[in-house]
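In what comes next, chain A is part of two complexes: it sits with chain B in the first one and with chain C in the second one.
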Partner chain A sequence: MNSPIQKQPVLEVKNLNVEYPVNFRSGFQRETKQAVIDVSFNIFPGECFAIVGESGCGKSSIIDAILGFVQTTSGTILFEKQDLMKLSLQRFRKLRPKIQPVFQDYNQALNPRQRIGDIFKETLPRNLRESQTDQLLTSVGLSNEILNYFPHQLSGGQKQRIVLARALSVKPSLLLLDEPVTSQDLSVAVQIVELLISLRKIMPMTFLLVSHNLSIVQLLADRVAVMKNGQLLEQQPLSTLLQNPKHDYTKNIISQTTQL
Partner chain B sequence: MKIFPQKILKNRSLSSGFTTVAIVFLFLLLGPLLTPNNHTFQDLSASLQTPSVSHWMGTDYYGRDVFARLVYGGRITWLVAVVSTFFAVCIGIIIGLFSAYRGGWIDFVVMRFVDVMLAFPKLFVVLLIVGLGASSTNLLIGVLALFSWMEITRIVRSEVISQKNRTYIKSARALGLGTPRIIIKHILPNILSPVIVSSVLLISTIILVESGLSFLGLGIQAPNASWGSILNDGKIDPLGTWWLSVPAGLLILTTVTGFNLIGDGLQKLFDPRKSL
Partner chain C sequence: MILLSVKNLSVQIPHHDKAIHLLKDISFTLKRGETLAIIGESGCGKSTLCKSILGLLPQYFQTTGSLTVYQNDVDIQLHNQNDPHFNTIRGSNISMVFQDAPGSINPLFKCGQQIVDVLKEHASGSPIQNKQRAIQLIEQVGLTDTEDIFNKYPHQLSGGMSQRIALALALAGNPDILIADEPTSSLDVTAKTQYLDLLRKLRAKNNLSLILITHNLNDALSFSDSILIMYNGRGIEYRHTADLQQGPAHPYTKALLDIQTALNQGRLPQSIPGETPSITKSIPGCPFHPRCPKTSDICRATLPQPTFFLGNHFVCCHHPLKSK
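Right after this comes the complex of A and B.
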């Protein structure tokens, strides 16, 4: 995949720090643990930027920080030149649909009491709902028969496709993929990755992919950052990273992936 | 969850509870059609008559028809129980949702207030308030609701806390949906099952408390009746005037058992893992 080099990044993360309260008792904060330490990166339009690292290294915290789900300690997150941390709640809410997450846990990603059809009622305008729902379902490889189903009546792969379709329904410019295929079995994981590759071809979208699995990242990413203990060790175009890893930890990940 | 009729029929607690409560409900609904007697009409010449054709369940000290009093008294007992449960559940849901959704120190303060309310000897406080105030049905409903919402709040709070960090709530927030919509469309439907179960059980608790208060003369005031006050009428000579105490006692017992069975059955229906 070619990495499109353009001047204005869609997302700029500068010196991001995130910490969580630990020993949270009786509503009063006591100690904190640093989950993300001084992380900076840019993502350009149309590219897929990946962050690789082991579980618990702080990858998902970055996604949560971008989505405004955790309080950041310091740093800035600029999305389309707007500082997300300085936006009023109202303006942030309006901007939110442009940044859509696809989480790892597809079983909890859909409201168990909501029919699939009702999901799209929340996101699509009434007059275009029917045609757009059909289009979205087709684009993720599903038919509109499942609109009357509840999430528990769907397979894992179908649920993840619905999650993708829901994210796409609000026409995001940045898709945050948080371990999108980790909980899937191999054949379904391959199908989802193929789907993501084909979506990249037909939709002008930017991806931030977070995964512990370099082989998935290899299939999708243009540039890759390696993360350990809350810090970004290095970030390179994919081919450079694979051929010339600077850090021992990166070499370790690459050799483990090759062995697998 | 799909609730099939077979699923309800197979659930013995639920079906027997529904049947019991439905029979009592029909008795209260159709009772006035079965007797021409008025529940407040006094006929001192017909005092303490045993059950007969004209008075199916006899008469009390003032010659009032016990059958009619059981029907109207039951209506008041049910009204008080259902309306105060409704208010208690509304208060409980609102406070529980607010506390859990805001979290932090607000949650801490609200939950300590709940602890204090739960530590109050409820019955004595209700006795005090009802005893001090001019006794009326509305006051009784208000007081019972005011001292019954805490359990609902605790349940709602714990359920909201477990739901609000789930991925589907995060996704809804990421879609730009507002807090009221997320609460009403996404959180509430997922926390309702345990709330419904507790509400049904609360109805039976309130029926017992209301009957107790009326038995003590602090609940529904004469000339109106409630099952508790009819029970009180028969307390001087329970064996001699059995037609006063036994039917009222049985109706309280049957209704409370019916609601408890429904609560138990609903719990099994909503969450089979919780039943033994």
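Right after this comes the complex of A and C.
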């Protein structure tokens, strides 16, 4: 595992709060549900920071907030020292390619009517397209035969690799991995994890990994935060968390993961 | 007592001037109270197998082989997917919780009403009795606040709760066999453990036979009595769970077990090289040979026939590993 190289964090999340409106029936009174409550963490360059927690605990809301998909209620998100919430739309759009998501549902992440080759036409400059596409496909373990295929002609593992290659094509400095292997078969999941580990070795990559599967997280993460009901219960280096979990909930997750 | 016997079941669909074989020569038996886990990668035919047992495949799917359901000492032979006998066994003998359980519940009707509708079909109770039984079922699947849930629409429930409502719907016909298709794949660790505990309780209480389709080896090993490993539409190893854990005979099973053991120990496992083959491509010889470390000329040329262990358990491999 790579260790943090510099002290300056790539991403700083401070006292983040996200809430969603619920129950529109109650007339003028707008009821809300707090999905993320006062969450703070830093991610350093070259690091893989993971957030673990059960479904609905607010993990994906954090990712959505970083990507600007949801409005935050309060708090700050500093990416490369710039407050994402205070940026103008134009500046945010310019900065946004540096943060790339890889979502759980690879089927919905790819346009079913677009050939794989056309995906890279959108992201790569024309003069370098051919060589860079080849390079990208090789880095994710695919051959360029695949460029003429539509997504439905690919297996789940191949689709997830394409999603990863697309994210890498704009040379992001932060990759947001939202349950990247949850819907994959065991053997494919292991291949994707191996791929992510090898990518971290060949290019400087910072990951924010979100998952409910601790057995996958422990293969990739340097530091892990445990989340429950919208709050971060604890965040520690992986080995410390596994050996000395502070919270009962963390102990519970670890015991459920390791039992055969 | 055997409840279900599947012998050489094959399913194919016509494709241009060829046929695509979705299932090839699948055989297994299921006894009362037994849990069979079916394991395999996506697209290997697990769900097709279970749908064929319930007669839910579309009409253009051609099935061959025999499917026998034993009901009160009467054997019901099911010859094809249009067999009228399926209507009598579906729900009351065999029922199924589908992979996308929340999606399998009708979003336009209240949960309780949907359970009552199933009860009307399978039991001859009065409306009040049916409502009481529906509330009982909601309670049985581990949900509290039963009256409230009875009157809720599916979208008002969480993923775990709708999974349980789907289970209540499947149990409403009081079946002998329950097929659970990837019941826990969308649940997190805590919800998954709770759901499996619930299945364990129901299995003991109702003396249910279970067919658990999963790609999670941990669940299968901890939960089942026997395991059928599928690859590319074929059953490649069918063993008692304890035997399989001690010594898998097929290299694919061993690779899966090694991956799971490494993950449980927090190590990076050795992945299986290559890609899962598409079901539309026919592979000469053993379907696993392009990824197998023990491949030889015979593997590339000839399809391995089953080598039988005790009973009807088998492995299909030219070079089986030594197993206990």
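Convention: the second predicted complex is superposed on the first by the 251 of 260 C-alpha atoms of A that agree within 3 Å, B and C clash if a C-alpha of one lies under 4 Å from a C-alpha of the other, contacts with A are read in each partner's own complex, and residues count from 1 in each chain.
The rule is short, and it goes like this: a residue touches a chain if its C-beta (ideal position, glycine included) is under 8 Å from a C-beta of that chain, and two chains touch if they have at least 3 such contacts.
All values reported here derive from a predicted model rather than from experimental measurement.
Peer 1: With chain A superposed, do chain B and chain C clash or fit?
Peer 2: Aligned on chain A, chain B and chain C fit with no clash.
Peer 1: Regarding the shared-chain residue A:Phe69, is it in contact with chain B (first), chain C (second), both, or neither?
Peer 2: first
Peer 1: Which partner chains sit in contact with A:Asn127 here, chain B, chain C, both or neither? Use first/second/both/neither.
Peer 2: A:Asn127 contacts neither chain B nor chain C.
Peer 1: A:Gln108 contacts which: chain B (first), chain C (second), both, neither?
Peer 2: So A:Gln108 only meets chain B here.
Peer 1: Check whether A:Asn213 is in contact with chain B, with chain C, with both or with neither, and answer first, second, both or neither.
Peer 2: In the superposition, A:Asn213 touches chain C alone.
Peer 1: Is A:Gln100 contacted by the first partner chain B, the second partner chain C, both or neither?
Peer 2: It touches chain B, and chain C stays clear.
Peer 1: Minimum C-alpha distance between chain B and chain C after superposition, to be given in whole Å.
Peer 2: Minimum over all C-alpha pairs of chain B and chain C: 11 Å.
Peer 1: Looking at chain A, which of its residues have contacts with both chain B and chain C?
Peer 2: Looking at chain A, the two contact sets are disjoint.
Peer 1: In the complex formed with chain C, which residues of chain A make contact?
Peer 2: So the residues of chain A in touch with chain C come to 53-56, 155-158, 183, 185-188, 190-191, 193-194, 197, 212-216, 218-219, 242, 252-253, 256-260.
Peer 1: Tell me, which parts of chain B touch chain A in their complex?
Peer 2: For chain B paired with chain A, touching residues are 103-105, 107-108, 166-168, 170-178, 185-186, 189-190.
Peer 1: Note which residues of chain A are touching chain B in the complex, please.
Peer 2: For this pair, the touching residues of chain A are 26-28, 67, 69, 93-97, 99-101, 103, 105, 108-114, 122-123, 163, 166-167, 170.
Peer 1: What residues on chain C touch chain A, complex-wise?
Peer 2: 41-43, 158-160, 185, 187-191, 193, 215-218, 221-222, 255-256, 259-261, 263-264, 266, 268-269, 271-272, 275-276, 278
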